[in-house]
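Chain lettering (A, B and C) follows the sequence in which the chains are written, and residue indices restart at 1 in each chain.
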């Protein structure tokens, strides 16, 4: 299986599929081709969320504002998964998620011949690399096996590929951690006390305008009201708990706090964009 | 085969595909993931139109404004097809279309464990259920057969699944029937006379802005002009029969009367939205 | 393999897939379903770019403003590829690209029974025709072969299909050639001199607003500045060579000169639309 992710819209991904089909009959599954344009950080966020749902696969992910510059092409092994992507950081957060930690992530640099195109490395570099990796893994699989390679077998198969060399220092993207303020009754601050405020950041906006923050859901569990940048907002498990058009704070399927509107757009209602800071203050302090 | 339908946009459906791939290698075909958001009625309309084109398959359809509430998850058998969907009515009209009538439709409720997420049942409930149904059907198929199960064999396979129990009263969606006025020369009304007016309703608007009504095409067959809410409009078999920008009434591929504009948007030109009533008066009365 | 291309949006292409699945298990790959509506010329441009990336396949391409008129349905062989499309010209430029020239392109007309629908020939005519062609080719393949038919074997298989007859004069689309002005130091004009101006035409705008012209990239190779309709614009190999929001001229992956904006829309910045003429004057003349 090869999954495909990009910001290319259409019909460019079909050209990548055609190239892959010249090399291998592996199944092709689209993750998304409408990711925010030229934003490796947003791609990293979404891939970290989606890729761990898949069984071990080759993932070809191309959001590449540096196309045509001398940035490298990477092959990143994460457990028994492989991500093929430009060296701009998008591969590393999903790789850590796939590997269940840092310890089982390895990166290689792809030796790239003078490409046919300066502007479509998705077709000319990443698709053929993904196809060659897929073929190398398929050739390594025991025909009598259950179809899955161990991480060690994947590592061996990649190490045997002529055009890969260990990457010395791949670009990484780190998502910011929120700053959590805890306190006691005296307000003096107590790191074991209850949460009195969280200063977080907006990681992404989804298609529905839901504002996805970097604040783990556990930090607001059990609260009924949250002030979002000062505005009192109900916490709800479902959109339907508030009337259409009303704002709510909820924990999304990715485990993070979202600022949403039932049947509306949270980004507009809360005036929040990716990278904005957002302050969450639970009700027990404010009410 | 498993078909996938939702209002999720991207990349959420890819998470569903990843989950399914952990269970089964069944082919995955997307029907649509850009259906009107949170509108089970629109989903029912489109699925009733599209699903009957498929050979028997498992259809996973998630348009689910009630996600996280206590609405049930359903498995609906329609002939040798199976629809996996929330219990909000969207499954029933396509089920009747797939079964060729009411008599061969059965619904089960899925016993749902405490899900990992309150907000992404597509990934956590419906995708794994569709995968388990698909696997149950595949296991039931004779390896020497021609690949198709009878409706009775599908029913048996579902009945043998531990986590399904008969649904007592699944939510249903019924599309309104138009009101047809027939008359004779004396205008006294005559149920066997020709159609003098039809009061219908807008069922859906497609991507092109074509206004799809609930009026069967047969009711206007042979007419050259129709008054749509009073405005005289030509009846045409093709868009090309009128000039670009001109309005027309035609019968769509779904068999219903549409109010369209050649190379333009019918919804804007006729000022019609889903659920609006629309009065069609054939020309032989009005001219 | 059957590739699918249309301007249908969703969920109409799924109906085509369902129909095909009633006939054959061939792999289905979407090229695009959001092509410019009713524009066979734009479809021809994009298919000419994408289809040659694929190994030999059946390509079902439906952008069909004449649906329901008496325009023919075509089956076009190009080498070992087959395109199934309405007879409006969209098939011919990609067919020439697939065949590597005119000499190995043959067109047949499909005998169409009275279709079930006047408005959805994608489902009722082109999808079943593509499925029957695919089946005819699969039946012609030697089970012990490597899966590929020669162009001659494809031609034989098509010639044996009952409902195909040679097309006498299929509609064609020809993309305009740019007008190139060359000159010497004396400005007297010299067909072997360097390029002093090119009068081209906008062929297409892609999703990013990049303006794709019909001017071959070779004509501007080595130039640093180009006047685009008089405005001095840097020539760059990559978007990143100019600041965000800045205009550039580059050579796209299709080999043509593009007028683009880094992190912005070229069509707005240059005020260019498909079909517009555009005059490119290299810097060595103007600076």
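What we mean here is this: a contact is a pair of C-beta atoms (placed from the backbone, for glycine too) under 8 Å apart; a residue touches a chain by one contact, two chains touch by 3 or more.
All values reported here derive from a predicted model rather than from experimental measurement.
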Degree value of the rotation bringing subunit A onto subunit B, based on Cα positions, nearest 5: 120
Interface numbering overlap (same over half, different under half) for subunit A and subunit C: different
Gap in Å, rounded to a whole number, between the CA centres of subunit C and subunit A: 33
Subunit B residues counted as touching two or more neighbouring chains: none
Subunit A partner contacts - residues on subunit B that touch it in the complex: 8-12, 14-19, 21-22, 28, 37-38, 65-69, 117-120, 123-124
Complex interface listing, subunit C residues touching subunit A: 1, 3, 5, 29-35, 46, 49-55, 57, 206-208, 237-240, 250-253, 263
